[in-house]
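This report concerns only the one structure given below.
Lettered A, B, C and D in written order, each chain numbered from 1.
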Amino acid sequence: MSYGKSQAEQIREISGVNPHKCMKCGKCSASCPSFNEMDIKPHQFVSYVLNDDAEALVNSKSLWKCLSCFACIERCPRDVKPGKLIDGARQTVVRQRGADYLMPEEIPEHLDPKLPQQLLVSAFRRYRR
Amino acid sequence: MSIEAKHKFKPKIVAFCCNWCSYAGADLAGSSRLGYPADVKIIRVPCSCRVNPMFILRAFEKGADGVILCGCHPGDCHYSTGNYYARRRMTLLFSMLDFLGVENGRTRVEWVSAAEGVKFSTTMNEFVEKVASLGENVRLGDLRCRN
Amino acid sequence: MSRVQRIGVFVCHCGSNIAATVDVAKVAEMALLEPGVVHAEEYQYMCSEAGQAKIAEAVKDKGLTGIVVCSCSPRMHETTFRNAAERAGLNPFMVEIANIREHCSWIHKDKTEATKKAVILARAAIAKVNLNAPLKEGESRVTKRALVIGGGIAGIQTALDIAEAGYPVDIVEKTPSIGGRMSQLDKTFPTLDCSACILTPKMVEASAHENIRIHTYSEVEQVSGFVGDFTVDIRKKARSVNMEKCTGCGVCSEKCPAKRNASEFNRGLNNRSAIYTPFAQAIPNVPVIDRENCIKFKTGKCGICAKVCQAGAVDYEQKDEIITEKYGAIVAATGFDTIKLDDFDEYAYSQSKDVITSLELERVMNAAGPTGGHLERLSDGKEPKNIVFIQCVGSRDVTCRGKGYCSKICCMYTAKHAMLIRDKYPDVNVAVFYIDVRTPGKNFDEFYRRAAEEYGVNYVKGQVGKVAPQPDGSLLVQGVDLLDNKQIRTKADMVVLATAIEPEAGVRKIATMLTASIDNNNFLTEAHPKLRPVESPTAGVFLSGVCQGPKDIPETVAQAGAAAVKAIGLLAKDKLLTNPCTAKADELLCNGCSACENVCPYGAITYESREVNDHGIREVRRIAAVNNALCQGCGACTVTCPSGAMDLQGFSNRQIIAEVDAICR
Amino acid sequence: MKYSYYPGCTLKTKAKEMDAYARASAEALGFELEEIVDWQCCGGVYPLGTDEIASKLSSVRALDAAKEKGQDLVTLCSACHHVIKRVNDDMKNVDDIQTRANNYMELDVPYKGETEVLHYLEVLRDRIGFEALKEKIVNPLKGRKIGAYYGCLLLRPSGLMAFDNPENPSIIEDFIRAIGAEPVVYPYRNECCGGYISLKEKDLARNMTANIMDSAAGFGAEALITACPLCLYNLGLSQNAARLPVYYFTALLAEALGVKEEVLAS
């Protein structure tokens, strides 16, 4: 990771997203299945990065509510990819030690007999480094 | 970061531009303030098919590091077929130049319409970067001029 | 060419446009060091009256034979300076421009670098002028007839204006009737005039005008020639109905048994017969047989239309006919269509009959449309109670699905639709999802506000992500209200998509035939975006209507008139000056090989037997001769010529090599 | 025809039957799935960060193994398919990733995205053909009304996955028709099931799958089929909604081909 850069810059770099391309149409928020769970809404992600207010973004619960379903990426008319942006924000968090959203010790409580391995693997990848 | 800052080596680049498309495309790049390195100097020709391979050899003989020829998109030539001639001629010429040691990266044909200011600018930026990365060119000489 | 030139160099500041990034004094100073240069000066605005006077003065005082102006693009002011030189008594082709604005000051930031480049560009132009020779323009004649391609409102208006000025004009329209998209509209904004009521009189006027000939169901097949003298092949597709005999009674269409063919005019929302007139006010009021769907043409059996036609007009034997005409000017007025929505299935257009485009809604609202003008759902014929309009469907979309531009007309027609619906059906709720409402234009914003304020149309700032058809036949619209920061899920009975417009599909083929340039979105390019907006860069070709860019009816009509004026200006001339930069063969070098003749796209090169004096040897040789009236100066022949005999005046081998040398020095 | 086959973690454990049905059906249809030796977990999710390399290497190994054999690589689980297909695209088109991944891997010949990645459904559609499949059906599932559940990963992003129309897909409907059943088209078949959210926040996933279930049931579906074990799990969580049975598509395929019993017996 590149140190000495602001967190907003890091997010832009990791995600490869250029937030200036956004024209604020809101199609991402109109498509998002997790919209109601999020405190910062998909169409707002770009503003936080543009305004260098990454701190609010990385502390938001939206990081852990995005399902990476790619609906926003698929439908965005400006090729902005808000889903990649929020993933970039999440990356800056999970790449720091101790900031993991999922702790190994809490796993047993989540398990049930039907739960597929794939779920554990995916959740680990999403929530932890 | 601009290309200017990245490379110390300043290549000499000649761009032959068709009056009807890419020359106007370059004008549009200008009026839209879409920059590209000052190393590029444009020569206006009525059509890409006016460009004699001799001109390109001459440029390399006189110290050019790269030559780019811009014409109308296939099918859109102002004179119907000129760009097809240019394409065929340049394909032959460039492979011969490569054989002589003027790498393929130093020569390029690109179709840029009058409406493509952005394309003109990005093409020139790419081309300059490519030529700059290849460094100074071998100098072609005219054997007849040697004693 | 052998005599030594006396060159004057004039460096323009262009206010600060050039002077801010280029040290103009330095450019003038360096130019003086170049061979042949006897005078150099700089001035604020070379193109101004005072600037031009400076040129004249220097020509007189210093006895200049050549001029270099370091200024903006030659595409801007080359003519200005050539005229100035001519007035000063110089041959206008002794002037060259060094483009130090568009190609230098505007794109570079570093003043040292830009100045260095400007000096080199000036040097190249000076090197070229040193080899310039006086040239004389030729003359060519003007055929006093214009061709208008496309018979929509743009084409009709252009044709009417040209005809009124006294010049004959032909309209070529590919569908069976003139009228175009405007004939499909129900009402027009911002006055809510009935579209047909204002269009039909114009259609009638065009068809009755003595200077207008209309070729419907016809397409331009081939174009050759050049400004003032185009030759055009027009394919008149077989109508299968004799235009002279037909009385337009309509019995044939009525009795035709092949009735299940999607009506183009009604956007496929209902059907027409195989022999049909597209709409009631069609001009000409003569049906055509759609041969692909006609039973007679498919199986050989039927022939009912011929039997019922009392005039004996039906003619199954008719063949396509190619006619060749000459024109002095050509106006492209090819119009537009809405984009295909195959890639926008999140709006369920292909999954529900109740999701329609705005153009389809025009037909639904129209008394002559598939529902007789009654607003109803196409799935079950029920009156909708909730209608959602979605703006920017495919417009302002830079992905491969849509179009990067704004279609310009949608905000206004949606306001119109919403208003008309609320007016006629006050119980119907109307919501409009928009990104921005764009209504510049006279009385336009007022119109939109009326829709919101007086008619209670619910404008929601935000887009729709998905339209989901429900088991009960309704549509669940999932969108966002950005101002409320809420996701909305609302039930609608009908969804209307403001679908992006794009140039009519055939325009690329026509642009190629006209050698008119076209942009990546298939809009025809204008010669200058501000100052020559209705001219194509190709001389003699003019642009009218949406083929040049999205516009509404008033703008289209204004542009149609402007294009007509440009065409009239051309037709009013008896003779045109031709480009003197033509090819020329050196008779001593030409060996008569025919290579140049083979590459010439204009057939301008022929061979003649001529006696030459080759260093004292007199003999008759076969030598290439260029017809200056036909040569357009592309230069293809000059490169093909194996002996170097062929050269292009104004862009000679020596001149270009001199430029190359100056740049690489 | 022989394909390299990447089963993935869940198909070796909780979704064994999906794998077994697929293999038996392949045999009946005349193609062979040759499991890649020592395959490693794909990671379950495609790493979106532009600087992620290490997390893509296991996919590259599988892709390279298929290339060595000169075979196309077939996947079955939607998630594995998504990850491997996208990593393959990176290896083909993103210079930086290609170079760095190859530097890690130290292969004899660098891998540059040569392998073609096919989902089992794509093999049925593009290689076997649904018409040909129809002819091999011995036990057509007449009268069964089945809704296809696609989820996200097979379809999006459509430019890269190039699987089907992302908003109105038809491949599974065509499959359902080929095995003699009646497809039920409903609008939420491409909406997210909740994905990994169901580990910690089951209620969120429940809401989403309830929406899907209701929509499918509303249009008359009697069962759903899917290609993803996680979708199947999440759909099973749905409460306060229609509770349609959810099957792997391979189960119905095996049944229609008449090989289901032998799989169950083995």
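Just so it is clear, a contact is a pair of C-beta atoms (placed from the backbone, for glycine too) under 8 Å apart; a residue touches a chain by one contact, two chains touch by 3 or more.
Keep in mind that this is a model prediction, so the values were computed, not measured.
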{"item": "By count of C-beta pairs in contact, the leading pair of chains", "value": "B-C"}
{"item": "Centre distance in Å when chain A and chain C are each reduced to the mean of their C-alpha atoms", "value": "46"}
{"item": "Chain A-chain D separation of Cα centroids, rounded to whole Å", "value": "24"}
{"item": "Mean-CA-position distance for chain D and chain C (Å)", "value": "48"}
{"item": "Chain C residues counted as touching two or more neighbouring chains", "value": "346, 466"}
{"item": "Chain D residues counted as touching two or more neighbouring chains", "value": "166-167"}
{"item": "Chain pairs that touch, as defined at the top of this document", "value": "A-C, A-D, B-C, C-D"}
{"item": "Chain C - residues contacting chain B, complex", "value": "73-75, 99, 101-104, 106-110, 113-114, 116-117, 120-121, 124, 511-512, 515, 517-520, 525, 537-538, 581, 599, 601-602, 632-636, 638-640, 648, 651, 653, 656-657, 659-661, 663-665"}
{"item": "Touching residues (chain side chain A, partner chain D) in the complex", "value": "1, 13-16, 33-34, 37, 65, 67-71, 73-74, 83-84, 87-88, 91, 102, 110, 114-127"}
{"item": "Contacting residues of chain C [partner chain D, same complex]", "value": "342, 344-346, 348, 350-351, 400, 466, 468-471, 476"}
{"item": "Chain A contact footprint on chain C (complex, rising order)", "value": "346, 392, 396-399, 401-402, 435, 461-466, 478-480, 482, 485, 487"}
{"item": "Sites on chain D touched by chain C in the complex", "value": "159, 165-168, 185, 187-188, 215, 218-220"}
